[in-house]
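One chain, subunit A, appears in both complexes that follow, with subunit B as partner in the first and subunit C in the second.
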Partner chain A sequence: MFDYNFHWRPVMKSLPDLLEAGLVTLQVAALSMIIGIVIGLALALIRMHMRGPVKWLASAWVELARNTPALFQLFFFGFGLGAVGIHMSPYVIVLSALSFNCAGYLAENFRGGFQAIPDTQLRAARSLGMTVWQSYTRVIIPQVFRIVYHPLTNQIVWAVLMSSLGMLVGFRELSGETQALASRTYRIFEYFAVTAVIYYVIVKIILGASRLLAARLFRY
Partner chain B sequence: MIEIRGLKKFYGSLEVLKGIDLDVPKGEVLSVIGASGSGKSTLLYCINGLEPIQEGSVKVDGTDVHAKGTDINELRQKMGMVFQQWNSFPHLTALENVALAPKIVKKKSRAEARDIATRQLQHVGLGDKLNVYPSALSGGQQQRLAIARALAMEPDYMLFDEATSALDPELVGEVLDAMRLLADEGMTMICVTHEMGFARDVSDRVTFFHEGILEEIGTPAEIFGAPKSEHLQKFLSSIR
Partner chain C sequence: MEPTVSFFSGFQPSDLWFLAEAAWRTLLISVLSISIGTVLGVVFGWMIYEGKWPAALTLGPVLDVFRSVPLIIQLVLFYNFAPIIGLNLDPFLSGVVVLSVYCASLVANVARGGMEAVGLPMRRAARSLGMSYWQDLRYVVLPIGGRAVFPSWVGVALGVMKDSALVSVLGYIELLKASQILITRTQEPLLILTLAGAFYFALSYPISRYAATLEKRWAT
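Our next item is the complex of A and B:
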């Protein structure tokens, strides 16, 4: 017989704590996206334009990030580096693992985006006297950005959800906080149900904001 | 003045330009004709430094385009180029397309750059399309936009690489008119073209390229009226 009695009062009382932890989740996801975009762009450009060891390293990064479990990547930055004497705070561990993962995924998206832009765009920009840097930042990358915009949105959602693994290395983001509070009160189900709703709302807000931003950014 | 001496260009082991000597004085309109693959586009790319060269030299107003110390970005501001493929920047409006380089390369103020852009677009008949994105422009309009974009840098030379050959026939005229206008205003122009009518009526001289060699050069009357080389005679009869 199903005789579990729901008690929502404890979880409602900790709602402010949970929401605060939700902000931590959002922060670590957003930061890792920014880092991931910068490194992902660099990885894509290196793989397209360079040869030798630097290119191999970039390729290895992308391969590992995309083809191994995210959990292992997190453990590598936590326990793996810990084992060789590199100890980082849980926050930095999660941020590093997320950034590593995002950069790898985004690098492939960026590469596809760059390949979709005809060479003639670069030639046209250079023929006007723009430097390579100006040509990329003002002409090429804005177009690539539009192509990768939706994959980028998916990636930030993924970063929010993946950050929940952080609780396994002792990080008090939304899931870690929930775990800690729930085990104190034994209302495990209630806590995780409410937290699931918070995740859902965060993701919906991101998707909505992304849609609004796209309408503003891409008028062509 | 553009001075080309002993210019050789290879793509890998393929010799595409086999020692070109050519002077283009200020104010001249020079048309370049020749079969597909004869190296006409490559010549233009070598003139504005978009392609490196293996031998010889290209000088623009005395500055060696391919020398190590040359500031190529500055030199390119003297040479506008219009390509065969329309390559307006799709993420920018017509006005922004034209204003971009004056703003970021010449460091003009925003207002000044918009002024220049508006004037150039009006000049090529796109005054009513300032805030339109290229996707809403026809091929002919996009090529005129490309001309306006190049002119906004106030170049002393204009290089045209078959500006009309990707266009529907009914759109060719408007682009040729814009080029004609420019020629009348005294612009120095090198026009790679398949439009023999344009080459005959507008250019001061015409040069014929054959397999990477500048085979013949002369006035339109000489080239079209009394072609000397056998290849040129064959080429002309093939397109008539």
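Our next item is the complex of A and C:
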């Protein structure tokens, strides 16, 4: 039944390449998270405080990001925008699709966070003489951050996992690199098994780091 | 005048049928995987809840692996691993197996949360009234815990539906793969991607809205 010989040597030989590609994965995931947090925060605030076309646009963004497959979004940024003459490198395609997706999901998280803060807090901060900007950055957002910390961590993990779709648009992150190496040696199973382990370790490191950070940040 | 040979042909009405068939295949694989995954996931969740630490130490980490490795890697791994142990699965079956297990690993968490949402006093009361263990599960835990986590389950189910797009890497022609094929032939990515995206959106958006409404209604 078991007449397949596993060959791990080529995989081990290219382990440095895989780890390097893992760094690319981490980089694109981290960047998309930063962009996603900024845009997601803006989308949440726009949806809560504005009316008219701007609000519709923000709502459309959030609903589209949440209700279509990430792969569809990736194809849209890749082939769809390519058709109207916007050509981007695989890196930019993956980064923009991931940021688009993250922003949509995070906007909903942030909205939930903002709604959990009583209105009176903003009014209290304002009556203490703080400007709107100050009361948001000093009073509201720190509390919201605490509420969305856990969903935020999950979203980082999702971003790492989702970046694996880059493989399908020729982006050489961890999955793309694995596919390229695997198709050169035909050791597909071995290569992807090692890649799965690397993803698992990356995810565990992120979760562990976020737990440590939480213990430091939310001590009081 | 030289006759020109064209490799591409425009979008034809018959292509709509091709897309509809692919959409049907997306539905088929999603419904099948979500059904199997939900049943498995509830069983796993129950095992982790009732099995205390032995289950938490064995089953927990195994399910965790499926949540920490990108689905696309799981698909490629399983598709290449099945022949090694002598299974010859077509892309559809491989997709169903991987998606079901992936769905189960997510549902297990949801199901366990649901069981934890039912307070111990309630369970003891049920048993004191003479209900058997299974009656307690069926008539007390299922209605109360089920309601508590129904919205999360809908979220998981919709996530699996969207992730079913990834089965295209195995060559299963579901909606996104079909649109990719059509794009290659017609060179009209915007039109075709919009159609495909609209299908996912039309499926996902009403369901998620309905779940949100139910959540609000049940919360009061």
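We adopt the following convention: the second predicted complex is superposed on the first by the 219 of 220 C-alpha atoms of A that agree within 3 Å, B and C clash if a C-alpha of one lies under 4 Å from a C-alpha of the other, contacts with A are read in each partner's own complex, and residues count from 1 in each chain.
The rule is short, and it goes like this: a residue touches a chain if its C-beta (ideal position, glycine included) is under 8 Å from a C-beta of that chain, and two chains touch if they have at least 3 such contacts.
Remember, it's a predicted structure, so these values are computed and weren't measured experimentally.
By the touch criterion defined above, A:199 reaches subunit C but does not reach subunit B.
Shared-chain residue A:180: touches no atom of subunit B or subunit C. By the touch criterion defined above, A:118 lies against subunit B but remains apart from subunit C after alignment on the C-alpha atoms of chain A.
By the touch criterion stated above, A:146 is placed in contact with subunit B alone, subunit C being left untouched. The larger set of touched subunit A residues comes from C, when the choice is between subunit B and subunit C. With both structures placed on the common chain, the touch criterion links A:31 to neither subunit B nor subunit C.
Interface residues of subunit A, counted against subunit C in their complex, comprise 1-2, 4, 63-64, 66-72, 75-76, 79-80, 82-84, 157, 161-162, 164-165, 167-168, 175, 188-189, 192-193, 195-196, 199-200, 203-204. Chain contact summary for the complex, subunit B toward subunit A: residues 48, 50, 73-74, 76-77, 79-81, 83, 85, 87, 89-92, 100-101, 104-106, 133-135, 146, 149-150, 153. The touching residues of subunit C, when paired with subunit A in their complex, are 65, 68-74, 76-77, 80-81, 83-86, 158, 162-163, 165-166, 168-169, 176, 179-180, 183, 187-190, 193, 196-197, 200-201, 204-205, 208.
Listed in rising order, the residues of subunit A touching subunit B in the complex are 118, 120-121, 123-131, 134, 138-139, 142-143, 146, 218-220.
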